[in-house]
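Look for subunit A in each of the two complexes below; its partner is subunit B in the first and subunit C in the second.
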Partner chain A sequence: MSELLLEVEDLGVSLPTSSGQLHAVDSLGFSLREGELLGIVGESGSGKTQTALALMGLTPAGSRVSGSARLDGEELIGRPEAELNDLRGDRIAMVFQDPQAALNPYLRIGVQLTEVLEQHRELDAVTAAKRATEMLQAVGLDDSERCMRSYPHQLSGGMRQRVTIAIALLCRPRLLIADEPTTALDVTVQAQILGLLRVLKGSHYGAGLLITHDLAVVAEICDRVLVMYGGKPMELAAVDRLFHNGHHPYTRALLRSLPRLDRPESGLVPIPGQPGRPTGAGCPFRPRCAERLEQCAAVVPPRLDIAPGHLSYCHRSGPN
Partner chain B sequence: MLRLIRHRLLVAVPTLLVLVVLAFVLMRLAPGSPFSSERNLPPSVEENLNARYGLDDSLGEQLLRYLGNLARGDFGPSLYYSDHDVADLIREGFPTSLRLGLAAMILALGAGVTAGIAAARRPGGMLDHLLMGVAIAGISVPNFVVAPLLILVFAVWLGWLPASGAGPDASLTAAGMVLPVVALALPQFAYVARLTRASMLEVLDSSYILAARAKGLPERTILLRHGLRPALLPVVSYLGPATAAVITGSVVIEEIFGLPGLGRYFVQAALNRDYFLVLGVVVFYGLLVVIANLLVDLCYGLLDPRVQRQ
Partner chain C sequence: MSARLVDIRDLVVEYPGGSPRAPRVRAVAGVSLGIDEGVTLGIVGESGSGKSTLARALLGLVDIQSGQVEYGGMPMAAAGRAGWRRFRREVQVVFQDPAASLDPRMSVARILAEPLLVHRPELGAGQIREITLARLGNVGLDESHLRRLPRQLSGGECQRVAIARALVLEPRLLICDEPVSALDISIQAQILALLRELQQRLGLTVMFIAHDLSVVRYLCKRVAVMYRGSLVETANADTLFRDPQHPYTRALLGSVPVADPRQRRNFAATAATFSAAAAGSGCIYADRCPRAQERCRTESPSLERSGDGDVACFFPGAGGDLADGERQR
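Let's look at the complex of A and B:
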């Protein structure tokens, strides 16, 4: 077994809203080993992005983060801002959903890369520019010299996302968090970007969290998957196992809602209802669950160890 | 770039034309004549004077003649300061007004942007409330109230600064400029501070600022390198109207502080119905505002790389 890189336990994020605190993330736990790519899958509002922001220490003002997240044994949650700032961009880095919005339109690409190196590696401008140019080449931008001098609006969407990946990887982070990195891109470019993330793992970053709502993306490049719903974990398993032996009713419903090229006659089976958060304890998926039991509303589902490395949070025990 | 400048100056011609015609008509609607006030002239003398300056022709003829002269760069004679041309008077008064106006603009911009950024760092905090309180006061209290108050406090009670801008020999002194500049700058400072705060808050909420935070950059870099430029764009657009406001304000301020500037000539000219001087100053001010707006557009291109090649 390889080394444990990230260990998240009982992570909670609550955000202030007009109607009181919203528990965006609740009792979330998972771990990440060296060289692993973990997919976090869920619908909008399932708490995926807040999980990422909590690890970065960048949750919105007024939010409360509880629990524990240890990166190489060092606690991230509740760390002083100055220490977090030293980690961000260096040992943890993040790629955002929309590269158009994540790059500053008023600054040349070169500046947006070199400032990271100048901050964390204290490199002089010339060395930083050289390293930045090499990194742009590594993410597949061949005309990297010209790219350094460009403004974001002069690049295509795919090129921009390569630039944000280059920015994130400049300091060879231990943990790379990619929040829907391909959602804003064309399908062909999506495949290239995903391929890039897979190729650079190990050589350019230690381990990755890939946040997405797209199970196909997970199937393509992730090692394990965490399925979230309503801020809570539903199921955690290796990709193969989840796709073939998914236990949780939500996981199975998600898989049924995917188009199948091999079985076109089966059609799509949507999950009934709207994503939302029922109040009270219990399983957040229960209003839409076809297999709900009486205790689902009252009691928090127990953690089931289905198999080694395969967890499910459901009142229905036993394999399905 | 050159094409933009040429285009803008051409577009300014009709604007200035409308301005001149309006000012011309308004001046003539005012009762009295250039030679009626104070001095009781015999009717024959007044007729001669009117004939000499062409004021006995029809209004239409006078307007056309004035526009024709203007096109050749001739602003005409002053009717009150009878041995001076309008152009001479503008040349004489403008340096003082320019110094006053520029100093006020620089002060308003520098202090306003700084205050706006400081307030945006902790919205709802103590400093934010304090600065925005000052800004509200700056916008609400007119400068003809602010100026005498400043004189009362700093010149009369404390005796730190002279009450008049001009020294004994009518030359300007640095100490004498402080109060007029502050009085002129205050409302502009207030606007700039509020604009900067609002746009900085909006910018700080954007994705690229979150991305910059994810890089672990210090707060200062995030505010100044990533936030300041986009936050300044609305402030830059305000510089056009601000120029107009400073010009208007300087008319009052120069009068209150006894500064020998263009604004003072303007007020005197209106009171004396010195038609050509009023029109000349109006055209000159109009030209200044046009140039200020052109500079604003050029600045925009410098600040926002997406505007450059359009």
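Let's look at the complex of A and C:
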């Protein structure tokens, strides 16, 4: 077994809203080993993005983060801002959905890369530029010299996303968090970016969290998957198990609701209702669940150990 | 063979360039395409391929540089007020962003009644209410939604209202431009199942624009693939997905992730380059094509009959290449 890189326990994020505190993330736990890519999947409001922001110390002002998240044994939650600033971009880095918004339109790409190295590595300008150029090549921007001199608007969407990945990987982070990194891209470009994330793992980053709504993307490149709904974990398993022996009713319903290129003849079965979070202690998926039981509304579902490394949070304990 | 409802011939649409001196952008570069009555035609392509512009040109929402659009045997360029009125009644649209395509100050009842007030002034209030309720029922909503405003509806409900609005006039042609891309997976499935049911029950002709090939595979009988403003391949969906002829179609299909880890494609981490200046006389795909030969760089292939479709390529078919990320068997 490889080394434990990230350990998240009982993570909670609550956000202030006009109608009181919203528990965006509640009782979330998972771990990540060296060399692993974990997919976090969920629909709007599932808490997947807030989970990532909590790890980065970037949750909105007024929010409360509780629980624990340890990176190489060091606690991240509750760290002072100054220490987080040292960590971010160095040991934890993030790639966002919209590369256009992530890059500064007024600065040349070269400046946006070298400033990271000057900040975190205190490199001189010449060395930083050399490192930055190498990094651009590593993310497949072959004409790296021209790229360094360009402004973001002179690059295509796919090239811009490669640049944000290069920026994230400059300091060889332990943990790379990618939040919907290919959602804004065309499908052929998405394939290139997914290929890149896969190839660079290990050599350029320790382990990764891929946050997405797209189960197919997870199936393509992740080792394990965490399915979230209404701020809570539903199921956690290795990809093969989750896609072929999923336990949780939500996981199985999600898989049945996907149109499949490889199985055009199999119809899709939509999940009735819409994503949301009912009040009360029970399982947030219960209003839409076809297999709900009486206790689902009142009692928090127990954590079931289905198999080694396979967890499901459901009142239905038998094999489904 | 069913009747041709839409016939688009040599359509060219250009937009002004970024600055007064910049060359005009050719969004649709000479497309010829027919849609038969009762068929769901999927238009796929990446951003900038011209698929939405094609739909907008068909709807008369953008100016056409050259070429022509015929609807029900009527050339739209020559259609007068009465012709356009008929067209507007029979051709309806559903857009990507449901919230943006509904007037925020109108109740659902008003949104659904408006097309009837415009196109069927002979109807009384009772009849309008009857039609409205029937269409709401078609899309899985009911009377309780009538008084609500768009902001009181979820994204999926808004899209249902937009579809109901498109249906109140009993259209012959429904144009859907990315109708499910803004929705959550579970809601996307609801809308897809609804569209499939409506299309089967009402015998609608549908032009379905989408970038998601899995969605197109689910809904469409026929598929047209666009690249940089041109049509590169059309075929029946079964043929196109089983045996794509154009190298671009092959690359596109090879890039679609599949929700099954046992069918991993192991996408290659290929490099990206600055796009070259607009190709001169050659094939529009030549600079990215793994099969490109000398001829492809100098001559432009035209659409040629191939099986039940057409393909614009000098070297179509499976060939010996492995397109980007094509499935490793």
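Basically, the second predicted complex is superposed on the first by the 317 of 320 C-alpha atoms of A that agree within 3 Å, B and C clash if a C-alpha of one lies under 4 Å from a C-alpha of the other, contacts with A are read in each partner's own complex, and residues count from 1 in each chain.
In this text, a residue touches a chain if its C-beta (ideal position, glycine included) is under 8 Å from a C-beta of that chain, and two chains touch if they have at least 3 such contacts.
Fair warning: this is a prediction, and the values are worked out from it, not measured in the lab.
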Query raised in the report: Now for A:L304: first (subunit B), second (subunit C), both, or neither, which partner does it touch?
Result: neither
Query - Larger contact residue set on subunit A - subunit B or subunit C - result: C
Requested in this report: Based on the superposed arrangement, let me know which partner A:L236 touches: subunit B (first), subunit C (second), both, or neither?
Outcome: neither
Query raised in the report: Touch check for A:V13: first (subunit B), second (subunit C), both, or neither?
Result: neither
**Report entry** subunit B versus subunit C as contact partner of A:Q274, first or second or both or neither
**Finding:** second
Requested in this report: Mind working out whether A:D262 is in touch with subunit B, subunit C, both or neither, as first, second, both or neither?
Outcome: second
Query raised in the report: Touching A:L76 in the superposition: subunit B (first), subunit C (second), both, neither?
Result: neither
Query raised in the report: Looking at the overlay, what does A:E43 touch: subunit B (first), subunit C (second), both, or neither?
Result: second
Query raised in the report: Once the shared chain is lined up, is A:A132 touching subunit B (first), subunit C (second), both, or neither of them?
Result: neither
Report summary line: In subunit A, both subunit B and subunit C touch residues none
Query raised in the report: In the complex formed with subunit C, which residues of subunit A make contact?
Result: 43-44, 140-143, 146, 155-159, 162, 186-192, 194-196, 198-200, 213-217, 219-221, 239-240, 243-244, 253-255, 257-262, 264, 267-272, 274-275, 288
Query - Residues of subunit C defined as touching subunit A within the complex - result: 46-47, 154, 156-157, 184-190, 192-193, 211-215, 217-218, 237-238, 241, 251-275, 324-325
**Report entry** Touch list for subunit B against partner subunit A, complex
**Finding:** 206-208, 210-218, 221, 225-226, 229-230, 303-306
Query raised in the report: Mind pulling up the subunit A residues that touch subunit B in the complex?
Result: 56, 58, 84-90, 93-94, 96, 98, 101-107, 111, 115-116, 119-120, 151, 153, 164, 167
